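One chain, chain A, appears in both complexes that follow, with chain B as partner in the first and chain C in the second.
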Partner chain A sequence: MAILKVSDLVVEFHTDEGIVRAVDRLNFELEAGEVLGIVGESGSGKSVSCLTLMGLLPIPPAKIRSGKILFGDNDLLKYSNAEMRKIRGHEISMIFQDPFTCLNPYLKISTQLMEVMEFHSKKTPAEARRRCLEVLEQLGIPDPELRFNSYPHQLSGGLKQRIMIAMSLLLQPKILIADEPTTALDVTIQAQILDLLKQINKDHGTSIILITHDMGVVAGLCDRVQVMYGGRLAERGSSDDIFYRTRHPYTKGLLYSIPSLTVKPGDRLDPIPGAPPDLTRVGDFCAFADRCDFVQEDCRTHRPPVTQSNEDGSHWFECYHPVEGEKNA
Partner chain B sequence: MLEVKDLKVHFPVSRGGLFSKETRFVKAVDGVSFDLKPGETLGLVGESGCGKSTTARAIMQLIEASGGSIKLGGQELMGLTGVQLNKVRQQIQMVFQNPFSSLNPRMTIAEVLSEPLKSLTSFTSKQRLDRIQYLMEVVNLNPKFLFRYPHEFSGGQRQRINIARALAVEPKIVVLDEPVSALDVSIQAQIINLLQDLQKQFELSYLFIAHDLSVVKTLSHRVAVMYLGKIVEIGDTSTVYDEPQHPYTQALLSAVPIPDPKRERERRRMLLTGEIPSPINLPRGCSFNPRCPKAFARCRVEEPKLEPKTVSSKASCHAVASI
Partner chain C sequence: MVKLAPGGPFSRERAFPPEVLKKLEEKYDLDKPIYTQYWLYMKRVVFEFDLGPSTRYADRSVNELIATKVRYSMTLGFGAMVFALLLGITAGLTASLNHNKFLDYAPMGMAMVGVSVPDFVMAYILMIIFGLSLNWLPVAGVESWQGYVLPCITLGFVYAASISRLTRGGMLEILGQDFIRTAKAKGLPKHVILLRHSLRGGLLPLVSYLGPASAGILTGSIVVEEIFLIPGIGKLLIESATNRDYTLALGCVIVFALLILVFNMVVDLVYGFLDPRVKYE
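Right after this comes the complex of A and B.
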């Protein structure tokens, strides 16, 4: 069952260089209890679409041109700021990339966690405190009492990210959006945090949207994957669909160009030529056309429709000339 | 060609009261030794704070080392100044991590690329122009762009300019400090391939510093793994990656996500508990012992030495037998 349904979302930014269409007619659903990965390079619209879900877009310069975000039966885009404030934290919460800048350096962890509880719940201070410590303990934070009374600078990056995750889980939201939660962390700490997200998903049934550029992280954690390019959908399907039955040339390029531990020293990589598109200039044609090996005339004259790859309707791509068949299984 | 022996960089940090005379040291690099052969890439990997960038900066003489020796073609670099240092700098150049902050925004690309030629060579202005046009071609940029400013370029293009600047004075060694980590994945591959091409074309030696183990594997002939200011394992890339000896190397490799869902599902991770200890207050014995699954009594009192563990790699660990 879909818990969140985004349809026909268009988000524009009005800048000095022109109108940037950061998200361009995007549709997707989030199923209850799943981990959905959203993958793309900078400027692919992955973060902007999730900020829109949270009602955190700076308007202006941003402008939501059209679309619906259905959470249950309600369209979140019609909500006022006050109404959104009740959704954030309670129903949908978010953790950000940089644990170093997301905590207020002047306030103790206790103050920052308790603030959430005071604002959103009717618990007494003692109950709220107990809840905070309970969550810290669940997240495997050693010596929770001590960390609870620390300042952010006394904690390492990995611990700060755990605190951010704790903060987002205090009110038991149904959806957790994690925007590059491990990009700023070292790989051994990254592994710990990814394990933690997996555990949260399993234990509490929290649906997770994981935004990342790292195909390795996606492979380990996500049930379904949505690859984005130039503010649009490139391809969406189960992890296996995306990795083993790739249809979109961009997804294929991405998979071939990443160095992985399976390469041999001195191996050549197969990069995608060119650079990501200038979003002020993408018109009604395929955003990937200039970098694509499979490009043909129609790619440059019309935007390809979203096409279904298999019978059961779980694998979709936006391309006229998709890659055929199975590969590197 | 480059020989680093027992390199130490200790930063003083004052502790205690304002008038306290006691000084303590952060041992950012503590006894690092390695050599770099002509035409070879040595990868230096490790997590943040392990001292890999500090090692690079000490080699470049950008920070002063507290001890040890750095020899380039037999010549000692420690303590060099002025003209002599410039001569050395002609042979060893560096590319920095962040392509957005390492180019002066007020200089055109032509000025950026002429700078090292002006200060390190006696080229005439005509020779300089020829050289920078050639450099642009070498890194696959259109020489037409020479009179543009850095903000007009994308991250990948800027990194190409940085590489061109490093190559301007025909160095033998290039120190690459995380040259691709600020770039998008599709651009990373372009730069990695370019670095491979340039190495062959100019017979360059690279000291390649990165935290991304997959990138390091692609580029390096040999790899050194650092932890808390020391090399804990060093050897041929395939040996270190396929038969890691040190428990830290094993943990590091097992933490790298693999872009393949089936392999990820089947895989057993070796999760490290805890965090990297503070380099001011290093644990006694082996500095990895508080996080090490194989630690035993000896590890807590005696510091292990870097010893051969396989035919083509060395590691410092009491738990693994030396050969």
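Right after this comes the complex of A and C.
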């Protein structure tokens, strides 16, 4: 059952250079209890679409042109600020890329944790405190009492990210959005944080949207993946579909650009040629056309329709000339 | 340095008889060489907190003179500071919360005027408008509290202008920080985000400015006291300098210096209190 359904979402930014269409007719669903990976390079609209879910887009310059975000039966885009505030941090919570800048340096961890419950639940301070320590404990934070009374600058990056995760889990949200949660951390800490997310997903059935540009993270963690490009969905499917039955040329490019253990020293990686599209100018054609090896005339005249790749309809892509599956990876 | 100025405390139009002059100089140690004078003076100030007798007002010590005047200067300085803080922070917050809108441009325009107009010009403009035209407030003297209003505004306005700009800048910087986005993502109400999460960091640049600002208000008070005829230390300093009242002038300077030191120290301590990352071991 889908707990979140985004349909035909269009988000634009009004800038001096023109209108940037950061998210262009995006459709996706989040199933209850799944980990959905959203992959794409910078500017592909992954973060913007998630900030839209949270109602955190700066409006203006951003503008939501059209679309629906159904959370249960309600359209989040129709919610007032006050109503959205009740959802944020309570039903849907979010953790961000850089734990070093995302915690308030002037406030104790205790304040920053407790205030989530101060405004979303009727817990007494003592109960709230107990809940905080319980979550810190669950997340494997050593000596939670001590950390609880610390300031952020007294903690390491990994600990800070755990605190961020703890903060988002205090009220057992239905959806956790993780926007590149490991990008700013050491590799070993990255693995720990990813394991933690997986564990949270298993133990509490929390649906997780994981935004990343690291295909390795996706492979290890996600049930389903959607690849975004130029504010659109390029391809979506199960992790296996994406890795082993790749259809969209862009996905293929992404996979080829990952260094692997079989690459010999001195071998060159296969980067995707060209630069990300200028989103002020993407119109009614394939956003990837200029960088695609398989580009043909129709790619430049119309936006490709959503095409189904398998019978049960779980694997989709937006391309006229898909690569044949089963050959890659 | 005071002694380098020509003349002495007893050189007047009507000269004293030489023997009287000699007696006087003996009393105030002025007959001794300058380094001995310095030594004696320092010893007295440091160990006895005694700034010596006034060379102009016989029978009155500098301590006494300053003590009677300090009340006026403190009231003026304090009033100016409170005025500057209230106006400056309000304007700065308003501007930062309405970034790039009318309510940003208007107070910042005022602030621009505020920093550009010198206080002696400001003083006369205020006097003409509120004192002479509208007749609301006295233009000189401090017989009642109303007498302090115009001097405080004059003295505080420049600082209100700087404070509003600092507040605006600090707040805008904080409001753009990632942790403010986190606070929003937590679903906190606006006033909590503003008061709990932003204000502290946003006002930090202001706090570090308050040290120099209080020093500025002190020195500014010299001019303002003169204009509005307030019998404070500033006026005392000017008089003592023109009278070559060595001990009194030095005494005033020492008091000013001490106050500035204390203000800066307080500011540093407050800073440490506000920003947990700054710790005094």
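General remarks:
By definition in this document, the second predicted complex is superposed on the first by the 325 of 329 C-alpha atoms of A that agree within 3 Å, B and C clash if a C-alpha of one lies under 4 Å from a C-alpha of the other, contacts with A are read in each partner's own complex, and residues count from 1 in each chain.
Going forward, a residue touches a chain if its C-beta (ideal position, glycine included) is under 8 Å from a C-beta of that chain, and two chains touch if they have at least 3 such contacts.
What you are looking at is a predicted structure, and each value in this text was computed from that prediction instead of being measured.
Clash-free side-by-side placement of chain B and chain C is the outcome of superposition onto chain A. Once the two complexes are laid over each other on the shared chain, residue contacts for A:17 go to neither chain B nor chain C.
Using the contact criterion defined above for the overlaid structures, shared-chain residue A:264 touches chain B, although it does not reach chain C. Judged by the touch definition given at the top, the superposed model places A:8 against neither chain B nor chain C. In the superposed model, chain B and chain C sit 70 degrees apart as seen from the Cα centre of chain A, a figure rounded to the nearest 10. In the superposed model, A:88 makes contact with chain C only, not with chain B. Between chain B and chain C, the partner in contact with more residues of chain A is B.
Looking at the shared chain after the overlay, A:298 reaches neither chain B nor chain C.
In the superposition on chain A, A:151 makes contact with chain C only, while chain B stays out of contact range.
Following the chain A superposition, chain B and chain C show a smallest Cα-Cα distance of 5 angstrom.
On chain A, the surface touched by chain B in one complex and the surface touched by chain C in the other have no residue in common. Those residues of chain A lying in contact with chain B across their complex are 41-42, 142, 156-159, 186-192, 194-195, 213-220, 239-240, 243-244, 253-255, 257-273, 275-276, 329. Interface residues of chain C, counted against chain A in their complex, comprise 177-179, 181-189, 192, 196-197, 200-201, 274-277. Listing the residues of chain A that touch chain C in their complex gives 54, 56, 84-90, 93-94, 96, 98, 101-108, 111, 115-116, 119-120, 151, 153, 164, 167. Across the complex, chain B meets chain A through its residues 47-48, 154, 156-157, 184-190, 192-193, 196, 211-215, 217-221, 237-238, 241, 251-264, 269, 271-272, 274-276.
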